[in-house]
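Pasting a structure below so you can have a look.
Chain naming follows the written order as A, B, C and D, and within any one chain the residues start at number 1.
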Amino acid sequence: MFSSLEFFIIEAFRSFRRSALMTTVAIVTITVSLTIFGAFLLLILNLGNVVGTISSRLDLVAYTGKNLSLEEAGAIQVRLAKLPGVERVEFTSKTEAWKKFREDFGGQLNLEETVHDNPLPHAFALSVRTPELLPVVAKEVADLGVIEEVRYSGRLIDQMRSLVSAVRVGGLSLIVLLSFATLLIVVNTIRLTVLARETDIYIMKLVGATDTFVKWPFIIEGVMIGLIGGGASCLILKLSYESVAARLALALPFLPIFTNQLVLTLIYAAVILGGTALGMLGGQISVSRALKNES
Amino acid sequence: MIELINVSKNYPNGIDALNNISLTIGKEEFIFLVGSSGAGKTTLLKLLYRAEKPSAGKVMVDRVNVVELNAGQVPYLRRNIGVVFQDFKLLPKRTVYENVAFALRVTGAPRSTIRRKAMQALELVGLLRRVNSFPDELSGGEKQRACIARAIVNNPPILLADEPTGNLDPTTSWDILQLLDKINRRNTTVVVATHNKSIVDEMKRRVVELEGGRLVRDQQLGTYHV
Amino acid sequence: MFSSLEFFIIEAFRSFRRSALMTTVAIVTITVSLTIFGAFLLLILNLGNVVGTISSRLDLVAYTGKNLSLEEAGAIQVRLAKLPGVERVEFTSKTEAWKKFREDFGGQLNLEETVHDNPLPHAFALSVRTPELLPVVAKEVADLGVIEEVRYSGRLIDQMRSLVSAVRVGGLSLIVLLSFATLLIVVNTIRLTVLARETDIYIMKLVGATDTFVKWPFIIEGVMIGLIGGGASCLILKLSYESVAARLALALPFLPIFTNQLVLTLIYAAVILGGTALGMLGGQISVSRALKNES
Amino acid sequence: MIELINVSKNYPNGIDALNNISLTIGKEEFIFLVGSSGAGKTTLLKLLYRAEKPSAGKVMVDRVNVVELNAGQVPYLRRNIGVVFQDFKLLPKRTVYENVAFALRVTGAPRSTIRRKAMQALELVGLLRRVNSFPDELSGGEKQRACIARAIVNNPPILLADEPTGNLDPTTSWDILQLLDKINRRNTTVVVATHNKSIVDEMKRRVVELEGGRLVRDQQLGTYHV
């Protein structure tokens, strides 16, 4: 078998060159399909990222009683930080809060005239690990007993929570659908190229070629087509994602753009590997079909 | 070497191409298969290299019933049977040389052997000047000779030739028949299906005649007509 | 020519049936491509819709001086409503505002104790036709002279504005790219099916067929393939959009889902017409290529 | 009817298939084109129906130089020339009947005429029993006869037959030649390229011989060999 490997590779390259149009068509199809697929993946990652960032910004605010000293508040902060699910605790003293309040609302409320004493309590802003944990943490905080009031915008958070899971479910099903569509298009394209060579396969078998002997060049060709298509698609994705990301970062600085290089590299690698696998699978499926038709 | 036992062939569209044929061909024999157009000659040959399966009967080649071979064994049967196809069946995207070499390549022969034997076969049929042409660029007779070269390149123990001179002038036809005869003398069973009356009459070999799928004559030292 | 029309249609149907696999492949490819295309279109429409709705909710708030009577405020409301760019004016009297403020902030501020007089002014919430108009309207309102303070969340609105235009530009370029990719895949698929019939075309021309005679059945076949693919894609889009929209409306009631039936019908029609055009174009392009090869 | 004036044909791969051929064929003639395999017979016929263009010279058919026809005029030339192709060139996905009918359909003939003429032609070549078979399901000789039926169905003023009996038994061959002869008597120019010695010798018609692309013999009432 392996003595023929060189022959198979030469054969694959030759058929590659000879049926240049078909090959180009297959490569372009794989490239287009994988690029759409990858673009969708990146889009979904980013949507998830946006939603995730927004919901991670949703803090829980805990107010102490009004007459607590700064030292007592400090002790409470330590206890809050230890609660399971709490990521970060930010302390705002009642003095700071009053100052900010006056800046914010001083225009409409004639505060200086009417209010002479600071009416605000100390406050803690808690970042919670995932939005799902918000109600749990709120209860934990209340259970501590030292906090007078816990606030979080319940309705907004519920909305965000369902948005996150909707994006997750929708994205996942879209990706499954797209993988399927891509496979379908690619397998069909390669099947067409093999269909056009059914006569060749038939003749080869008539002069004594085994199925394996007929099969390998097609599979190698499929792999080459898939590799080239996947590589091209990876390149297109990388370049355009980088340029789009740079442009978006300029235009919409507040939008969190997904830039985790490790995950991005994994996606690019998946596109190349996916292309190769698609090519191989396509070659395999379609040549097997042609072989079954004969004999 | 070849033995057909009560063989019939009905094609799926209802045509009875062969009807209860029994026939034995020895290892050293050279036989002509004759009969009018549509008599069943090509069908009979196809049964031998398992391009078709009979509807009934046994087809023994070298003591093996080829009807019972599984798909994986068929290629090895075919490597032992050289076939000159009536419609050539050359690979359209390969040159004459590559077409001939392919029959050796599938056997896993080393590259140097392939080249030597392929060129030798092409020389025998007089096609050395066309080795790099594609089938599209050949005349009818040149295609036929390329097909003959491919059939003999492997020195198979059995050679089936279906109308091997249909596109050849009398001189070339005669040369080809001399070649087949020489191959037969080197212990190869040769079966030639043909309409070439003068060659059959001249060669004086065993003649088997089909008519409407039935074996109507089996004559040693025969002629084209009775 | 027209005497042969019946023959062409019969021919097209026959080749349709005979090369069933190829035809199926072409139809599936068109369906998949158009469905992805349509899904993208709907996604972009909805993104635009979400952004649009959010930004249309961004009102401009105008505060009067503190000592205005309700009658004076009513007169101002009439003048505000007449300003160009203003869609709707909502009045909140200072009494209502103070009540709401106490409800919102009563917990932290010891308002009952410290504030005895209502410190708030009357307020008008103005809906502005498009987010772009916000600064303009703000200036108009200020120029009226009767308003003491105009507020709008400048930064948030700028962000929304750039998000709207980013979605618009990005969506448009995505749709252009996808149309191109779809055309490419479909033309290539049909080209492959014709490629497999080049011998047929060559033989037909050898026995005296004109180019037109050879061409028509292929074009009709292309139209049929495109029509079926477009129809299937339209059906898939319609059914899945309706089910997804219904589910989303349940899960995320706050999300504005695009349901303008006229526009949706236009999109579905565009998908069917697009499929037909693609099929026809594909048939035309590829058969012309095969014809040019011969003669 | 047909006039070749100093015609040469070099194929792109450098092969000189025809070399300065001049030849005139009258309207009522029946001629045999002979010559060994690769002599240029098929190439000469291809020039007449514009499947190839000559490298030099004029090819006059019915007083028109076909070399100068534009692409839109070629189909009308071909409708006036029936061709029996050496390799049949039947449409593989159509039945025998449809293949024959197709040559009429391209001319825009009404449906009833098509049916009547096609069945008539198929009867003449003895293929009535195979009208609904596909080319794949035919024997070599049956394919050849289907191709002959398609060439004559249109009653073309010129009939070119390239090795029309290569896959036929002597009896059928003879019947086909009688048919061609009958067609010739109905004022059709007939050119037959063939290797069939016995038929050429028996028919005693004008014989044109090619050798390596040159015209080496043009003999009235000729035989296959000099």
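A few notes on this one:
Here, contacts are C-beta pairs under 8 Å (C-beta built on N, C-alpha and C of every residue); 3 or more make two chains touch, one makes a residue touch a chain.
Source: prediction; values computed, not measured.
Counting hops only between chains that touch, chain B reaches chain C in a minimum of 2. Summarising the inter-chain layout, the chain whose CA centre lies farthest from the centre of chain C is B.
Distance from the chain A centre to the chain C centre is 23 Å, each centre being the mean of its Cα atoms. Distance between chain centres (mean CA atoms), chain A to chain D: 67 Å.
Measuring from the averaged C-alpha position of chain A to that of chain B gives a distance of 62 Å. Chain B and chain D have centres, each the mean of its CA atoms, that are 28 Å apart. Listed for chain C are no residues, as none touches two or more other chains.
Residue positions of chain B with contacts to 2 or more other chains are absent.
Taken chain by chain, the contacts form a single closed ring in which each chain touches exactly two others.
Across the whole structure, chains are in contact as follows: A-B, A-C, B-D, C-D. Remark: chain C residues 21-22, 25, 28-29, 32-33, 35-36, 63, 66, 107-111, 113-117, 119-121, 149, 159, 162-163, 166, 170, 174, 178, 181, 184-185, 188-189, 191-193, 195-196, 244, 248, 251-252, 254-255 touch chain A in the complex.
Interface residues of chain A facing chain B in the complex, by the touch rule stated above, are 3-4, 7, 15, 18-19, 199-200, 203-211, 213, 295. Residues of chain B touching chain A in their complex: 49, 51, 71-72, 74-76, 78-79, 83, 85, 89-93, 102-103, 105-108, 150, 154.
Residues of chain B touching chain D in their complex: 11, 13, 15, 34-39, 41-42, 86-87, 133, 137, 139-142, 144-145, 162-163, 166-173, 195, 197-198, 224.
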